[in-house]
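Presented sequentially are two complexes of subunit A, the first with subunit B as partner and the second with subunit C.
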Partner chain A sequence: MTETHLPKAYYDMLEELQTVDFVLVELNLYLDTHPDDLEALKQFNTFSKKSRELRDRFEEQFGPLDQFGHSYSSYPWKWNDTPWPWQV
Partner chain B sequence: MPTHRKSYHPYISPFDPCPPIKTKTYETPAQLYLGFQPKGLDQYQPSEALKKGTLWPALYSPYTSPYEKNKRE
Partner chain C sequence: MWYYEKKLQYPVKVSTCNPKLAKFLIEQYGGADGELAAALRYLNQRYTIPDKVIGLLNDIGTEEFAHLEMIATMVYKLTKDATPEQLKEAGLGAHYANHDKALYYENAAGAPWTATYIQAKGDPIADLYEDIAAEEKARATYQWIINMSDDPFINDSLTFLREREIIHSQRFREAVEILKEEQGKKRIF
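On to the complex of A and B.
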């Protein structure tokens, strides 16, 4: 198996996805106690849209991120493909 | 900038068995001062929010260790 290093873009996109998802976690918790805050809700929706776009872009290049149907997979089945999460 | 760590000076008695600790510190996290979070608080940039661990500077409270600070100085 030739030793393949992950391209830098892999980590950049993952970090960007992690950043957007963290903002979503914060806003989600905030909106639990402030359901009528329109500004936060708009920000939440724009960030969740951005997160979905990032996820799609990442998955086109590097394979599925989630399983059980939350991500598509190209042929052959890519879910149990390396790198595993702890190898990233 | 709110001070996250405050200090006080305990009473030192001449009969203390061990060498006295002159100043002791304690953490004062943001939620002590902030009751119900108001709307429209200003926010960090997303990348900075990830590093700081919160989206709102008002809620940022770094759990610094008083001992490391002494060591570093």
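On to the complex of A and C.
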């Protein structure tokens, strides 16, 4: 419901992560039907590492991205905090 | 199981409040060829599809939920500041009477989503051909909506989604070839 005012860095860092994660979705589907493509597999692993780095940096500033223990939380519990994706 | 990620797959921005465009977009939310139907179709078919293509159905089905969330975000943002009068003018009076501004799984004409939109035949080729057709129909729907929309931000997100339908269709076509090849092998032995 609520509209939160967010710094530009939020959008920039989020978009950087979305870009890298999109490459991963695309490579994942491609590898599902081309499991023997070594070059694609290498790209996948490189981007997987990159995604993890970007995610960690984003979460340090703006809170957890993943539920059920896949992201750490500072105190108090941060997962409930806005903004949710449709609010930004 | 699944994990939720607190981000959209691709950014969704809107220019202005536009309930008329939201009404058209609902087609991709709860329509026959929409994202809900796609996600549920693939994730349900995957249990009985041959092992070689389970991963693909699993992963495309999962991506469809990310698309569903993008469509929901568009509809939400396009209607959240609309007055009841504006909703009525946009043809959403009946929707407002029943749901206020809540989202609902229905098509652009207001018909609720139904499982009769999707099939699971247990025949791998029949299932995959349905999936290819579903992607092509969804791609066409995105095009028709883009043709009626003058919101450049929405059109950017819709163009992304239209391209994803093309990729999914292509991957499903490859899955058909993989299964045909497998069947060919069996015949030799």
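The rule we apply is simple: the second predicted complex is superposed on the first by the 84 of 88 C-alpha atoms of A that agree within 3 Å, B and C clash if a C-alpha of one lies under 4 Å from a C-alpha of the other, contacts with A are read in each partner's own complex, and residues count from 1 in each chain.
Just so it is clear, contacts are C-beta pairs under 8 Å (C-beta built on N, C-alpha and C of every residue); 3 or more make two chains touch, one makes a residue touch a chain.
Just so it is clear, the model here is predicted, and its values are computed rather than measured.
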Note to self: Per the contact definition in the header, classify A:P76: touching subunit B only (first), subunit C only (second), both, or neither.
What the structure shows: neither
Item checked: subunit B versus subunit C as contact partner of A:V20, first or second or both or neither -> first
Note to self: For A:T33, using the defined touch cut-off, is the partner it touches subunit B, subunit C, both, or neither? Pick first, second, both or neither.
What the structure shows: both
Next item on the list: Once the structures are superposed on A, label A:D66 by its partner contacts, choosing first (subunit B), second (subunit C), both or neither.
Entry: second
Margin query: Under the stated touch criterion, which partner chain does A:P85 make contact with: subunit B (first), subunit C (second), both, or neither?
Written below: second
Notebook entry, point to check: In the superposed model, does subunit B or subunit C contact more residues of subunit A?
Noted result: C
Item checked: Set intersection of subunit A contacts, subunit C complex versus subunit B complex -> 18, 22, 26, 30, 33-34
Notebook entry, point to check: Which of the residues in subunit C end up touching subunit A in this complex?
Noted result: 3-12, 53, 55-56, 59-60, 63, 69, 72-73, 76-77, 167-168, 171, 174-175, 178
Next item on the list: Using the touch definition up top, name the residues of subunit A that touch subunit B in the complex.
Entry: 18-20, 22-23, 26-27, 30, 33-34, 37, 39-40
Next item on the list: Would you tell me which residues of subunit A are touching subunit C in their complex?
Entry: 11, 14-15, 17-18, 21-22, 25-26, 28-30, 32-34, 64-68, 70, 84-86
Next item on the list: Would you pull the subunit B residues touching subunit A in the complex into a rising list?
Entry: 36-37, 39-40, 46-47, 49-50, 54-56
